[in-house]
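There are structures below to look over.
Heads up, the next two complexes both have chain A, just with different partners, chain B and then chain C.
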Partner chain A sequence: MRKAFGPLLLVVAIMFVVAPFLIANAPYESTMGLIQKIFYYHVPSWFAMYLAIAVCGGASAVYLFKGTPIADAYATAGAEVAVVFGLCGLVTGPLWGRVAWGVWWQWDVRLTTALLLELIFIAYLMVRKFGGPGAEKLAAATALFGTATAPFVYKSVDIWRTVHPNTNVIPTLKPSMGGPFAFSSLAFLLLCTLLLTARVHLAKRQMTVDEMYLAYEDQS
Partner chain B sequence: MFFRTAWLVLRKDVAIEVKSLEVLTTTLFFAIACVLIFAFAFVKNGQAPEDAAAGILWIAIAFSGTLALGRTFERERYAETLRALLLAPAPRPALYVGKLLGMLALLASAELLLVPLIAFLFQAALFSRPLLLVGILAGGTIGFCAVGTLFAAMLVRARSRDVLLPILLYPITIPVIIGGVRGTAALLASPVDEPSAIMWIGILAAFDVVFVTLSLWTFEPLMTE
Partner chain C sequence: MMRIPLLLAALVLQPPPGQSEFVPVNELPPAERLQAAPFLIGAYAFVWIAVMFYLWTIWRRLDRVEADIDALARKTPPR
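Entry: the complex of A and B
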């Protein structure tokens, strides 16, 4: 991954430069007009968050049962990246809602549960920061519960009648909209992967430094 | 062996509690204080809004439940009895089940007083469908306690556990609280909205299954030092 990191970073950068042109050329949605184009950032942000949550949940399960430190590094990276992309989704959502629904925030099931999911992963980071020794395992359990909530957040729009569009929108997109959407989704998922690997790499460096400190203290 | 261990842990917890009544009385008092505060917040001209009772009931359960969880495990920490329990050659998930049943018994006895009190204070027709009410209360309380017992047990060893328990517990259990509030509100609607009450009981049951399974699965590695 380390060798591929530079080229991939370049690819993502190019994709993020090209995406606005593709989005600008995509047709206007008939009822919402221009504001609908925030869709190309809003939905991929949540996709990226789900990816980060999946990484965090999987790594947490491995850490909980095997205790491998690298799994813990992946879990932390997943949680941090999930919070960042969740924040992107929570910012773009109200911007869209203000124009489409006339209000910044609606207490419907999708919005409420999405906010909850964000809160769970912020709680994860807080536990790690303030929990003291042994907090990693506690955080891992939090991550597992958060991961169990994620599918429920995704499906909530199909179970209840909500203001928020349901999951049928994406498979039934017109090709002229689906193309740019697939492009920006790919760009976000790739960016998410890159951020994850960069964060894990940082954690590995941190571990090496800690080991060197310990070795030095043993010597002197 | 499994059920016997769970039963012994439960019996121990009940015996301690019956002797001092410490957690039950403080929890109940706190719950009633919660009800009062929310009554001040919502009641206008001597009348509470229609389904405020549902929200107030579940807020009182969630807040006082957190207090009870913290207090119960604080007691285990003081005397290092949790460590003794974990040292015993007993299956760990059985210890969890025992603790969970203890918490459930505690909260159920608190609800036994809290629910009639709220029905009385807010003129809420909570008892028009007793079976559905029991289903909603059981579903909500089991989900809340399943997560609560796991996290409170883990936090026994953590720093700043008093702050971390609500921080972890509320985001994770909010789906259950929402289910409880909406289900109870469906019972309070006139005429009683039975289909939605039953739907919410189903959702609560689904969450209970997920939460209890996850807790049983993770309790062992979490409590291993």
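Entry: the complex of A and C
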């Protein structure tokens, strides 16, 4: 994966340069106009967050039941990246809502559960940082709860009546809007993969430091 | 008697009648419309800044870790 990092970085950079042109050429949505174009960054941010959550949840399960240190590295990376993309979704959403709904925020089920999901993964990072010895296992359990919450957040708009658009918006997009959306989503998912790779590399180097430090302590 | 001024104040401070149904943005009078462009640019800029900032933090932490590895390698005599 480290060999693929450079080319992947280049591909993602090119995609993020091209995406605004595709989005600018996409037609306006009939009722919201220009502001609807936030959709092309807002929804892919959540897709990227879901990918990071899946990595964090899967790796946390492996770490919790098998104790593999590398799984813990992937879980940490997944949680951090999930928080970054969750923050992007939570900031771009209100910017869209302020123009489209007239308010920054509604305590609507989708918005509230999305905020809670973000808070669960912030809690994961806080537990790891301040939890002391054994915090990794506690954090892994927190991640499993966060991962179990994610499908409810996604489906909440279909289950409950909300002001937020439901999940059938994306499958029913016209090709002229669906094309730029698919391109933007792919760019975000690749960016997420890139950030995960970089963060996992950092975690591996931190593990190396810990091993070297223990070896040094043993010798002295 | 004490309640009359309060009732009058409540009547005076009544909010204007709210709209009773959903009105699409493009049907609002121009004075009530918000300019979308600053919000759109703000949203895109935020995503860029957040990602760049996070990449920078990874970079900085990696530099620190590499410095620690070098320092420990110098301290540890070769076996």
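Criterion: the second predicted complex is superposed on the first by the 220 of 220 C-alpha atoms of A that agree within 3 Å, B and C clash if a C-alpha of one lies under 4 Å from a C-alpha of the other, contacts with A are read in each partner's own complex, and residues count from 1 in each chain.
The rule is simple: contacts are C-beta pairs under 8 Å (C-beta built on N, C-alpha and C of every residue); 3 or more make two chains touch, one makes a residue touch a chain.
What you are looking at is a predicted structure, and each value in this text was computed from that prediction instead of being measured.
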Can A:M32 be said to touch chain B (first), chain C (second), both, or neither?
-> second
Touching A:T76, do we find chain B (first), chain C (second), both, or neither?
-> neither
Between chain B (first) and chain C (second), which does A:T92 come into contact with in this model arrangement: first, second, both, or neither?
-> second
Chain A residues touched by each partner, larger count belonging to chain B or chain C | C
Please indicate which partner A:V127 is in contact with in the superposed arrangement: first for chain B, second for chain C, both, or neither.
-> first
Counting only touches as set out at the top, which of chain B and chain C does A:F152 meet: first, second, both, neither?
-> first
Does chain B (first) or chain C (second) touch A:S184, or do both, or does neither?
-> neither
Touched partner set for A:T193, first chain B, second chain C, both or neither | neither
Counting only contacts in the complex, chain A reaches chain B at residues 64-65, 112-113, 116, 119-120, 123, 126-127, 130-135, 137-138, 141-142, 144-146, 148-149, 152
Could you please specify the touching residues of chain A with respect to chain C in the complex?
-> 20, 30-35, 37-38, 41-42, 45, 80-81, 84, 87-88, 91-92, 95-96, 98-100, 191, 195, 198-199, 201-202, 205-206, 208-209, 212-213, 215-216, 219
Chain B residues touching chain A - in the complex, by the definition given at the top = 147, 150-151, 154-155, 157-160, 163-164, 167-168, 171-172, 174-175, 178, 210-211, 214, 218, 221-222, 225
In their shared complex, at which residues does chain C touch chain A?
-> 24-26, 34, 36-37, 39-40, 42-44, 46-47, 50-51, 54-55, 58, 61-62, 65-66, 68-69, 72-73, 75-77
